[in-house]
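Same chain, two partners: subunit A is paired with subunit B first, then with subunit C.
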Partner chain A sequence: MAGKIVSIHSFRGGTGKSNTTANLASQVALTGKRVGVVDTDIQSPGIHVLFGLDEQKMGKTLNDFLHGKATIREVGFSVGDNPGDGEGLVKLAGKNLFLFPSSIKGGDISQILREGIDFNMLNEGLQTAITEFELDYLFIDTHPGLNEETLLSIATSDILIIILRPDSQDLQGTSVTVDIARSLDVPNLFLMVNKALPKYDFAGIKSDIEKQFQATVTSVLPLSFDMAENASKDLFSLRYPDHEWSVALKKVVPYILEAK
Partner chain B sequence: MSDAILQKIRKTEFFKELSDAATSAVAENASVRHYVPNETVMRKGDPADSFFVILDGHLKIVTTDAKGDEIIINKVGPGEAIGELALVDDRPRSAGVIALDEVEVLELTKEAFFKLLEQRLDVSLGILRGFSNRLRFSTTYIEKVIDWSQKTAAGDYSFLEQTQPITNPAGSDDAKAAQLLSTFYSMVRKVKEREDDLKHELERLTFEIDQERRKREFDEITSTEFYANLKEQAKALRQKRNSK
Partner chain C sequence: MPGLFDRLDKEIKDSQKDGGMSPLDIAKLPPSLRKIMRLMLRELQMGYPRMCEVMDAMPEQDRLTRDELDSALSDLTEQFWLIRIGKKEKAIYKVNLRRKAGSTLAAGIWSAIDAKIKKPPESLK
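So, the complex of A and B:
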């Protein structure tokens, strides 16, 4: 069976897409699956940091592929072979987790923004990544909002996870994405709430949002100072597996593994 | 006892109905005590074997709530009496009393008090008059509860902010009334807490989606040529992958 594309999306920026994508992909890799992570947030890439990759360590990028300067095989960076030195990251040693980073060089970013993305090429790249790396799951970290590359990632995904904060502004924006996902026949649509103030009734939030959208809310993740302080350096859910945020994040894993 | 003290005694609520001679008789049978700030004057549960009339300074009358936190049920000052009801009803102290500043009180023991009542009709009559005044004043508590009830019913919880639930000018440790007040006070506080919790839930329940805007934005995106192509491609892609 072909590998599945899992897109992680949010209406607003800073909702936690990159952290969720990196942690979810790692959790799935820990179960023994072969996992890829693509950063399609070409304008403001960021997920590489969570895997301990910096500009020096970064080899070929998605930008090189899109400009015909590298193959997908060359772009794929094996996190399992080069785990960072974070307490959480080292747990990925030997796992099959591959990162397909976007370039963080200013010149590369402005070039691609100027020239635009060849969608057929990006699409082909995603499919090639799955076949060449024999991936079970390819996670896509997207740019917030509904720009063209995000629409493409939604269109090609087998599983779409929309992250939202529990407030009306996010619900409004999310409602459009949900409609788009349905219009594009995305087979598996899930919502995940992040940054919920602990004083709220999480079960209530879950059921309210499920009712609004007639879609599954996998879990509600708390707004947490620990997370704000420690994330973005290491993989939080691997480093603090028993933390409330990690426990709620791990609840998403079975939805991914069981999706048809 | 000095004239200054006699003057002060005469100004107290409890003894103000007494004649000069009766006041002197009281002074002769009582003793003056001093307390420093935060010093405990009475403990809840102590045997009630004397009562005090405040000559100078202020004291707080305290009890504890279910969690063991101190609740100030009253503040008393010069001219007010404390512990006098317990003298008559023979029960232990129903609340604690702590000095807030430098305090001077006149202490009259139960024994001396009864001796005075027995021997001097003028003292007895004066005190009786004082008590009947007090009885009138204790309706202050009831009025307070009525006032709070009306405010609570109207959703006005502003009185909770005044952490000291009462400043009764009549001064009193009328135990049962004070207890009623403090129970009422904590009840209202709990009602308010529950109401606040409920408000959070209401906030959560008022997630409102503007359906018109939702549709408008959906139409804007889906009406483009890009989108039409994308939809076609996505369909083809899925068919291809499903057939694999």
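So, the complex of A and C:
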């Protein structure tokens, strides 16, 4: 089979899903792999910001593809050819990283809400992106919670990474997602803990959560004010590669590269 | 005059209007069919010989006999979870995913929202 689909999911919002997806995809692209990032959070898109895109720079979008106004080839934006100005982003110059953004125009979002989504078309777009761009990995940034787009991305994933905070609501929601992923036979199911208070025992968190879900916790990332201060203006792990958040994030990469 | 491609395309589109499956429906299937459905989602379509090949490669306890596979495919096609093009050994199958329904809010609400979105707020002028 062609490239692998890596879905990044969280049951609740605010877990740092888009930031994690953008940074992980970029770290994998830095290893020389061909990587795509799709924003299937069509109702509230945001990952394009991390790659330095705004409404003016954004060309064709996933919405155009879903409405038959563009091919997936036209939607793919080469980050390697247009890396933006951020100190972290410029490290992606020349890398094979492609973004498939969702539209941030109010009219396009309301059209999707009003008319619904053709999932046959969405799935065709995901699979065609892999073949046309010869991707090794396609990262899917999903909408938090469980909706139909998320279920589709879970059902087609080779690797599912569920992000959670060490918080009771997150833990409960994660157990629902883990059950669904298992019932859909996702071959590689991983967890990643984000926003853990530095005073916590990270090794203890890892072992407790692994025991609770019988799944591998790839890494525990600290709650970081530096990361918050970055305010999605740049790719944090590329700009500050030695920061503890970046070091913890980079521990996830081998799980992706070594997954069967 | 419409060609073969147009006719097949119309046939697929007509079938898709009649329903389809949710990704969650895959979870209800037996393991062997689940695997085939997942593969079909990835490969977009699958010929019958390839499906038999995948089935034969499965662990014995999960494997379906040819009769069981044919009957399952026939059921799934009747439910419009699968779309079949062609017959018997030459059949090609595609998964038919149910469309996500649009909002049931009154149309007037959407046109009001669209009008608001198109008109920038006074503070941005």
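The rule is short, and it goes like this: the second predicted complex is superposed on the first by the 258 of 260 C-alpha atoms of A that agree within 3 Å, B and C clash if a C-alpha of one lies under 4 Å from a C-alpha of the other, contacts with A are read in each partner's own complex, and residues count from 1 in each chain.
Criterion: contacts are C-beta pairs under 8 Å (C-beta built on N, C-alpha and C of every residue); 3 or more make two chains touch, one makes a residue touch a chain.
This one's a predicted model, so the numbers in the text were calculated from it and none came from an experiment.
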Simultaneous placement of subunit C and subunit B on subunit A, clash or fit:
clash
In the superposed arrangement, does A:124 touch subunit B (first), subunit C (second), both or neither?
second
Touch check for A:113: first (subunit B), second (subunit C), both, or neither?
second
Of the partners subunit B and subunit C, which touch A:205 in the superposed model: first, second, both, neither?
first
Could you say whether A:180 touches subunit B, subunit C, both of them, or neither, answering first, second, both or neither?
both
When the two structures are overlaid on chain A, which partner does A:149 contact: first (subunit B), second (subunit C), both, or neither?
second
For A:172, is the partner it touches subunit B (first), subunit C (second), both, or none of the two (neither)?
first
Overlap of subunit C and subunit B interfaces on subunit A (superposed complexes):
119, 123, 148, 151-152, 155-156, 180, 183-185
Mind pulling up the subunit A residues that touch subunit B in the complex?
2, 119, 123, 146, 148, 151-152, 155-156, 166-168, 171-172, 175-176, 179-180, 183-185, 187, 199-201, 204-205, 208-209, 212
Okay, in this complex, where on subunit B does subunit A touch?
200-201, 204-210, 213-214, 217-218, 221-222, 226-227, 230-231, 233-235, 237-238, 241, 244
Within their complex, subunit A touches subunit C through residues 1, 5, 105-107, 110, 113-120, 123-124, 127, 148-149, 151-152, 154-156, 180, 183-185
Going by the contact rule at the top, pick out the subunit C residues touching subunit A in the complex.
16, 20, 22-24, 26-27, 31, 34-35, 38, 41-44, 95-103, 105, 110, 113-114, 117-118
